[in-house]
Amino acid sequence: MEIFGVPIQAFLGQLLLGLVNGSFYAMLSLGLAVIFGLLNIINFSHGALYMMGAYVAFLALDLLGLGFWWSLALAPLIVGGFGIIIERLLMRWIYKLDHLYGLLLTFGLALIIEGVYRYFFGVSGQPYPVPDALRGATDLGFMILPNYRAFVVLASLIVCLGTWYVIERTRLGAYLRAGTENPQLVQAFGVNVPLMVTLTFGFGVALAAIGGVLAAPVIQINPLMGSNIIIVVFAVVVIGGMGSILGSILTGLGLGVIEGLAKVYYAEASSTVVFVIMAIVLMVRPAGLFGKEK
Amino acid sequence: MTTAVEFLRITDLHAFYGESHILHGVDLSVNRGEVVTLLGRNGAGRTTTLKSILGLVGHRSGSIMINGREAIGLPPHKIAHLGIGYCPEERGIFSSLSCEENLLLPPVVASTGLSVDEIYDMFPNLKERRMSQGTRLSGGEQQMLAVARILRTGAQLLLLDEISEGLAPVIVQALGRTIRMLREKGYTIVMVEQNFRFAAPLADRFYVMEHGRIVEAFSAGEMRSKMGMLHEFLGI
Amino acid sequence: MNNKTAVGFVLLVLLGLVAPYTGAYPIFLMKALCFALFACAFNLLLGFTGLLSFGHAAFFGTAGYAAAYSIKAWGFAPELGILFAVTTAALLGWAIGSLAIRRQGIYFAMITLAMAQMIYFICLQAKFTGAEDGLQGVPRGKLFGYFNLEDDIAMYYMVFANFMIGFLLIYRTVHSPFGQVLKAIRENEARALSLGYDVDKHKLLAFVISAALAGMAGATKTIVLGFETLTDVNWPQSGEVVLMTLIGGIGTMFGPVVGGFFIVTLENELADKVGSWVQVIMGAIFVICVLAFRRGIVGELTALFGRKKDVAV
Amino acid sequence: MDDYILETKSLTKEFKGFVAVSDVNLKVKRGEIHALIGPNGAGKTTFFNLLTKFLIPTAGHIFYNGHDITYDKPAEIARRGIIRSFQISAVFPHLTVLENVRIGLQRKLGTSFHFWKSEKTLGQLDAKVMELLESVDLTAYASAVTVELPYGRKRALEIATTLAMEPELMLLDEPTAGMGHEDVDRVTSLIKKVSANRTILMVEHNMNVVAGISDTITVLARGSVIAGGPYAQVSKDPQVMEAYMGTAEGELEGAH
Amino acid sequence: AQTAKAGAISGDKVIIGVMNDMAGLYSDIGGPGSVEAARMAVQDFGGKVLGKPIEILSADHQNKPDVGATKAREWYDTEGVDMIVDVPTSSVAISVGKVAAEKKRVFIDTGGATKALTNEECNPYMVHYAYDTYALANGTGKAIVQQGGKTWFFITADYAFGKALEADTAAVVKANGGEVKGVVRHPLNASDFSSFMLQAQASKAQIVGLANAGGDTINSVKAANEFGLTKNQSLAGLLLFITDIHSLGLKTAQGMMLTSAWYWDANDETRKFSRRFFEKIKRMPTFDQAAVYSAVTTYLKAIKAVGTDDADKVMADLKKTKINDMFAKNGYIRQDGRMMHDMYLMQVKTPQESKYPWDYYKLKATIPAEQAFQSLALSTCPMIKK
């Protein structure tokens, strides 16, 4: 059996691989959405922080001999901590300004982080092995799926859904959502909003770092890995609309899959397909698939 | 008569938004269980006074004693925990929260608050629109929600900014009854009101503001003798 | 035009006219003028319409390709090449603009960025752009069949003329009935809508003008340097023009000119001094500008000389 | 004989099963000040939103001067002469008072896309602008930047800008909300003044204002019209008292 | 001062400008290492030529042709630079080449890959020194087919560079009796290559040719490993530098075939140079960096031979003298500016085979210059009269 000239096995295989990429998109766009929610800032440095996550993994292994699992735990803490410092040192001064300044500030930040990493690590990239426990592949009948890829999908789904639950279903989440709209008032009700803002930023950044660690074994760790992915993630965010957490997760996964299929049918266009979809979505639903008109 | 216990004392309060100096040395005090109304023209600085109490202005100086604690240096969330409930002028209903979530949002600061059922009895509209998105409520319904919301927290000092604005007479009357009831329960209330006819029968004392200063203070008993002055200041 | 603007303007023209005789490097001057025009065009959108486009390199670069290709492959004269390039940029501006203005604020920025990235991919893959080799060896030719542009001085004055045309057009646009409506839209979009203005069409027109002028800058630069490459359509170029405007002064008339010269000089000077730190320095300038220097050079200067904050120079 | 400028036929708006405006047939007579009152949540603002196309009706039709405008776009509505004022003051804060009003006048010049013309060409409008400012008592503020105006003046400015559109029909949503007594009086008399030669439909909770200037009153409750007519008649309607006042005793006087 | 008399050195100094990418994509291939290599060359030459001092300038062109071209002009015009060397990134190389032609000064490109430099963009003042896409494709393709790798599948970066690599390789594969089973073209910076690996696997070709570069190649290799492609098929990298192998690690890269212009561990001479280089840079030199050393030396020798730094005379000498140093044996510069030298087919060692750091390659075949590079007959360089 074939689907548009591609054997169904291959088709399913590609679908699954698309999901893996989608997991990265989902995790990054979720982090962006969380930060945007409370700080009203599009974090342009998100890609750079994702890259930092991958470097933490590399350095932990290289300098300290700490393996993948350690990194998975350490990177969000270290990079998230770095995020917290950034928030305290820089971000706080611009909350009252037009949101565009946030974009510009984080853009500058991304340049700096990337530049510093280039200086210290060069650009040719660093090796990182797949963790031993996840080596090898499972024969699914229609394809051989490397165990590590399966793990990536699972791990990111857990992280994403966990985040969704906290934000949409808990009291803490209600504070977050309310703080998103009117932080002053929420603070006047007795909630420590500045702390909440700082931690939220740290959390969003930590999501990026987890993404970076997960990516380390499958793609080259180099200072540019973040800027390559961030623009696509922006498009994902525009398509999904930043209105809903679940929206960013679903859009991320969905676009990963679509991009994966594009690689089979018309590989040349696989990097533009996301932008084309963005254009179409904008024409039909300007607010994005899950967005609300303001 | 029981001896008055001072609950809020403001001395020489100055407040700024950025570079503009709005309050120029406000002094006022409110006793426990009192209802006090701030009167004044648009832009006189009444809202700013309430916001200053909570630390929501750019910069402030002077002294604000709440229940014996100095609040001038505290961040807003700590001030709230001294037992203050705030109903802002622009209502501040959250659109990403449902009506009920809005109601349940403010953290409880003391155990003496009303229960959700009591609140719904007081405002049946809210019960009906309970699952509605916060800002989908009508203007008046939002106003009710904003007041209802802080009654749950057990805050003893309520700062109410223009709560009668945009409400149908029937609701304004209901609000009046609520305020009286709250006073009987021992709540302390500072109201900012444009609607003098609403405020007049409720308040124990009045302050009149003009250009960021208190220019007059009188009690309910003195009201008649002050009508001339009020007319001059407020066109009443 | 108020007095001080007029003074600034006369100063600009004088400086521009004598610049090639000051010993400044002519190619450098021309390049800087092109970037200054690019930044002015960008500022028309950001400073006077309140729209942050993060994809303006798309127009700059596409026009560069259009000029290079039409001149090299079809033998267009320079003026025709520029005209063709400006038209191309305007059309592209119309296409991208129609999509982008459907959203506001940050989304607008992200959409323009993403669309520009798509243009980059297209330029990378298309046949006529020469991909990473670029379109090289574009002859400067003769302006109106008469002025030989191979001569740097002649070339310079043509660039300067282009710059002035663009600059004056922007000035006119900002201070026109249309400019007034733009200002109103920036201030209160809903109200402008309710007064019966088709807000989207106004924004779109501003976008197209800005794209066309960015295109003019790109095309001119191509003729000056004789080549067009992917660098000009890639996103760091979009970031750079934002930086030029930011550092010169958003929403000021002369700011982007100053910013353009500043960054081009900096880039040139840093090239053989700091090695790999260029990017970090650019990033740091961004951060510093946003945190402490939001009015930019021109904005700060005018503030210093005691003008009101809201005056657009 | 009766000349109706606006007419709705069975206008209905449903939000996910909740009927906010239900089968409303409203006729607005040309040249009148028509007030829309009703308890909170009655559907007044929703009704306004339907008229100005901020919302799409679930059912029913809207006729303006006999034309069916149910499916027009917001900007088209404005061009037909229906102008709405906002509940939150809608001015262009960093333009001068003069420029604010001029923006309103400028559209008719047809040069709003003319980016090649000098803004001096707008000077021809200034006389008309001053006339309008005069009518709302703002001449003294003409060159002030709008943010710096007191609240009541901003409302007056907004009305002047709206007048610049030469609206046939003005829709005012709670024009006196949040105003001090002086401003209320100022704005009330302003509305009365500008109502000459045009029709005004307004939502208002302040009964003094309603009683003072409106010719006809329609009372909405739970999305439906429960009463209509001149003030004297409506204010005695027991159903209205019940729904609006909460008490059936006494005349409808409002809490203000 | 442009036309120097015989025996004269313009400006009483010989100034050599090393221009490259100091921080970007290509900074590890050339970058600060190239500057160091140039310095070493000057030092080994004795610091002076014809009694005049030799100076090195360096600049970062940031991979921007306009920065590169403007800098080159400024160097030639106002700084008195006599020769520019390195310049990776094809677009910058070509535009600097144009400036060199206009200013009639020497330009020796070691870092650029595009074969356009000695074809349509060639000019009398430009030398293309180390390698080009044709040599890489041709060398790898031919040698592998000869060793039995008959069936090929290409993973190609979808732009001119990748397509040229693919086309050149495919042509030589077919000419030598091989077969191309399929091609998949991916966009630049595709980051995830798993999907292409599945397609390559399905093709059952013996050799999977990677017609891409840099991060794309590295990510391809990583994905190939992960999907077990290397169990039954071999990877051939068409443009791979030793720094890429270093960053992949032998565990992942082992067994790959690639063509290189030079290898640090080839003989005592190369080792001697490389060890010195390593002292300073902490990396073994790439073939680009070695080529910079060789190019600077060759240029200085030419000045010494003709007794002037006049570009025309130097170029004339360059084009007739044989080059023999640690980089090339019996190399020579052809009319079109192509420096002809042997290329080497290398195979990446397994981790077991590797005995010491940077011990990465084993030599599979030497490709003679005449076979490695495009023949003059095929050249589109206008300077070649046919």
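Couple of notes before you dig in:
The first chain written gets the first letter, and so on, giving A, B, C, D and E; residue counts start at 1 in each chain.
Here is the rule we go by: contacts are C-beta pairs under 8 Å (C-beta built on N, C-alpha and C of every residue); 3 or more make two chains touch, one makes a residue touch a chain.
Computed from a prediction, not measured in an experiment: that's the story for all the values here.
Shared contact partners of subunit B and subunit C, listed by label: A, D.
Separating the centre of subunit C from that of subunit E, both taken as means of CA atoms, is a distance of 36 Å. Once the centre of each chain is set as its mean CA position, subunit D and subunit E turn out to be 75 Å apart. Here the CA centre of subunit A is 44 Å from the CA centre of subunit B. Contact with two or more other chains is made by residues 23, 27, 158, 187-188 of subunit E. Chain pairs that touch one another are A-B, A-C, A-E, B-D, C-D, C-E. On the side of subunit E, the complex with subunit A involves touching residues 23-28, 158, 184-192, 194-196, 198-199, 202, 214-215, 218-219, 222-223, 226-228, 241, 243-244, 246-249, 251-252. Remark: subunit A residues 174-175, 177-178, 180-182, 184-194 touch subunit B in the complex. Against subunit D, in their complex, subunit B makes its touches with residues 41-43, 89, 125, 129, 132, 136-141, 143-144, 162, 164-174, 194-198, 234-236. Contact residues of subunit A toward subunit C in the complex are 36, 42, 90, 93-94, 97, 99-105, 107-116, 118-119, 231, 234-235, 237-238, 268, 271-272, 274-276, 278-279, 282-283, 286-287, 294. Residue ranges on subunit C touching subunit D, taken from their complex, read 169, 172-173, 175-181, 183-184, 187-188, 190-198, 201-202, 205, 209, 310.
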